[in-house]
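Next come two complexes, and both contain chain A; in the first it sits with chain B, in the second with chain C.
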Partner chain A sequence: MKLDPAFIWTAFVKLLPAIPITLYLTVISVLAGLLFGTGIALLRIYRVPVLSQIASGYVTFIRGTPMLVHLYLVYFGLPAIIDVVSESFGWSFRSVSVPYFVFAVIAFTITASAYMSEVVRSGLLAVNRGQLEAAHSIGMTTPQALRRIVFPQAFAASLPNLTNSLIGMLHGSTLAFTVSVVEIMAKAQIVASTNWKFFEAYLAAALIFWGLTVLIERIAARVERRINVYNRGGVA
Partner chain B sequence: MPGAKFDIHYVFDYFPKQLSTLSLTLTIVGLSILLGLGFGFLVALPRLYKVPVLQRVSQVYVSFFRGTPILIQLFLIYYGLPEVLKLFSVDVTRTPVLAFVVLTYSLHAGAYISEMIRAGVTAVDRGQVEAAYSVGMSGFQAFVRIVLPQALAISLPVFANLVIATLKDTSLAFSLGVMEMTGKAQTLITLSQHFVETYIALAILYFVISFILEKIFYVLERRLLKHERQEAGAGTGRRFGWRSAPTLRNLLTGTTRGRGGARARDGRSEA
Partner chain C sequence: MIQLSRITKSFGRHEVLKGIDLNVGKGEVVAILGPSGSGKTTLLRCINFLERPSGGTVAIGEAKADGKHPSKKDIRELRLKSAMVFQHYNLFRHKTALENVMEGLVIVRKIPKEKARAKSVEVLEKVGLGAKIDAYPSQLSGGQQQRVGIARALALEPEVILFDEPTSALDPELVGEVLEVIRRIAKEGITMVVVTHEMGFARDVANRVVFMDEGAVIEEGDPREIFAKPKQERTKQFLKRITPEPNYSI
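Right, the complex of A and B next:
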């Protein structure tokens, strides 16, 4: 087996069509995770009885187990649950008709919402309490104050963490190859084993991920500069 | 539905069987973190001391290992390293897979550790080094005796996260055929087809280990940061962490913490 630099480019071109799948996996699970994570974070910050304990248990457990295990549990456990439920209701719907992609997204959302809830929570805790009190004092309701005053500032504070989580989920999406979703990693494996050129194929995949990561970092840096404008001090 | 019918007994049954491979998982984690500390130091130093060319090299190294998924790195090193070494006529075909796995994890951890060291050292006040120089310490002495202990204390939480992340990442080593906990789980599944039960047992195992690790690091952190405890206590009252939604009653009776409570108390004494 000889090193074939030209094949890196060939593999690179072959991997390009798989990028959208990886991005869909990442973006959908991060957005859904952000939504659920915000809910979890609010439950925990407001110390809603019972629910907040459940929420912390959930976050601790998910953060203490590998993403791969979540994926496997959803992939092998959820179809059984779906089938039992739909059978008991007499539906004709069966888990076989659900594409693998959906299971991967659900599993990654479960992972992401735990990590995102911590991101959102630390962001909210970074906002000065007086901001909320000021909003209340001019007659805003708590949801209004949260939406208009607290969340924008919390977003600015948690943007670096958010970027890290997004990159983490992007990298984590490679695990979807274990449940036969053809994203970049799976495509690289296919290209590698059909051409018997493993090193070159994985190198091309690594380059794509590297590029995507650097791109996300650049965009985040730009957004961060923009969003922290209010914080710059001075008079003009 | 794949596999056999759900049977909770398999969870308890498989628990000890997977536990038997725990030592291998922990070995991978331990070796990777140790080697990673070495790599991390080597890579962090050129950037801390701004060594011309090496600085760029370590920057690219860190960017690459933080910018690509660990799974791809595993495959890349497993398939790539032998080929690269072959160019220098070194034959590594008989090296066990475990060596490649540990190397990958330590290179991966090394990138994060170097960033951690950099952040920790930068967080140490510049005056500390100057003070060390002024009492006649050499550069090496100042680093080892003054900066490093403080930097370690600062970066311990990051280090704890890294160790736990590495533990969870070891679950990927099965993809190269290493028989650690996840690999063991997969062989148990091929025997019995009890997917969900096996993975539940696996999840519990990982959770318990990372929980224990977290507790250990928490105790360590408290001990290392003893000298800063007083500062940490102050200034937390005014953050956004309200215990419950502030109600009018709470505000009036002064049960909320911080300045609001003090003001309410004053009002009452006047009345």
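Right, the complex of A and C next:
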């Protein structure tokens, strides 16, 4: 094999337009996952009858199965469900008009929700019980106490885990290429096979992912520093 | 002001409070004493429903709640009329001293920010922390943290303040500054219930002391009388154990 260094750059440039798709996949599924994950974590921490058992089952199933499997289950299962439902209501809507991207986002959200729920749960458990009690003692309602006192501290405590999960989802989002979503890896494959220069194209993709990852780490470090002012020691 | 009647509390099969009746008048300072595990903290926490009694009723002024089946609204009413100072301070860790004190004023009492700030600064100055308003709890000593805790309670101008061993987590040299602050606010006529192991403090500041043992009130009355001649055998024993031996050296 003969390396063509110049083509690495050519491929790199050709991959750049695919970055937004990768970021959308990652950011949307992580944010949605954070939302649902918080709900799941609260159900489990407050031991809500029935729902907390369902939530626990969901988390072990999703964490116990590969992300690619979630993607396939959604990709091959959801359209059938959509069509059956749509038909039974007499709508003209059919699953073929749903972009692949949407299926990928749904699948990744399902994955992220389970992982995020564990991140949020450990963050919440890291907050001392006395914080909630103090909030109650000054007359706050539980939602107020969660929003103003518990969540900010839980967020600070879970930032490192959150960053790891975000990076995991960024890298995992490459699986979307298996369902024809043209994110960075899919684009790399196209560039590679049309020019018959695989190594160069994938190396370019690697560099982009590395760059994105470093960027996330940098931002996280900054946020962490700002948010953790209060943890910096003092006298006591 | 506070009326507790027939308060019971069980953790599983362990009956921790065995039907406690206690009335605290307006402006009264009541000290609760008793051996470890006698249920003092549990009783105090039942007053603002941080712990839910298994039975009985709790009333603070007009607010009243059934122990076993309180409504959310009743619990909130009780909490709006009371404030608590915790053994381990429980300051909001991610907020500065000032923000800790402002939080309840702004979020619960809906007082405009500027007014709440002015009020909070004033109260922090009162507890001797005017210079520390922007410090986070992690940057304060235990005594300073507890004084912020007191300021947080005081700023709300509650009808009663509940103290759970406010000085027992402190290094001995820091106890004085906190007791001094409590002593001062007691003089202002705020109704207080103080669980404490500080006998000297109870004797000087309380209008009434209540002895608890094994989940029941075994004796109560004027501090001077009770410390001088306790009636119950268990009170005598407890006092003997806890008060330092008289010092005979010259």
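Quick note on the criterion: the second predicted complex is superposed on the first by the 232 of 236 C-alpha atoms of A that agree within 3 Å, B and C clash if a C-alpha of one lies under 4 Å from a C-alpha of the other, contacts with A are read in each partner's own complex, and residues count from 1 in each chain.
Following the convention adopted for this analysis, a residue touches a chain if its C-beta (ideal position, glycine included) is under 8 Å from a C-beta of that chain, and two chains touch if they have at least 3 such contacts.
In this text, all values refer to a predicted model and were calculated from it rather than measured experimentally.
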- After lining up the shared chain so the two structures overlap, which partner does A:171 touch, if you call chain B first and chain C second: first, second, both or neither? first
- Touching partner for A:130 - first (chain B), second (chain C), both, neither: both
- In the superposed arrangement, does chain B or chain C reach more residues of chain A? B
- Query: Should A:89 be classified as contacting the first partner (chain B), the second (chain C), both, or neither?
  - Reply: neither
- Message: A:152 in the overlay: touching chain B, chain C, both, or neither? Say first, second, both or neither.
- Response: second
- Query: What is the contact status of A:196 with respect to chain B (first) and chain C (second): first, second, both, or neither?
  - Reply: neither
- Query: Should A:138 be classified as contacting the first partner (chain B), the second (chain C), both, or neither?
  - Reply: second
- Message: After the superposition on A, what does A:229 contact: first (chain B), second (chain C), both or neither?
- Response: second
- Residues on chain A in contact with chain B in one complex and with chain C in the other? 128, 130-131, 133, 136
- Query: Which bits of chain B are touching chain A when the two form their complex?
  - Reply: 1-3, 6, 63-64, 66-73, 75-76, 79-80, 83-84, 87, 164, 168-169, 171-172, 175, 182, 195-196, 199-200, 202-203, 206-207, 210-211, 214, 238-246, 258, 260
- Touching chain B in the complex, chain A uses residues 1, 3, 45-47, 60-61, 63-70, 72-73, 76-77, 79-80, 83, 95, 124-133, 136, 142, 150, 167, 170-175, 177-178, 185, 188, 192, 198-199, 202-203, 205-206, 209-210, 213-214
- Message: Which residues of chain A touch chain C once you look at their complex with the stated criterion?
- Response: 128, 130-131, 133-141, 144, 148-149, 152-153, 156, 229-236
- Could you please specify the touching residues of chain C with respect to chain A in the complex? 48, 50, 76, 79-80, 82-84, 86, 88, 90-95, 103-104, 107-109, 135-142, 144-145, 152-153, 156
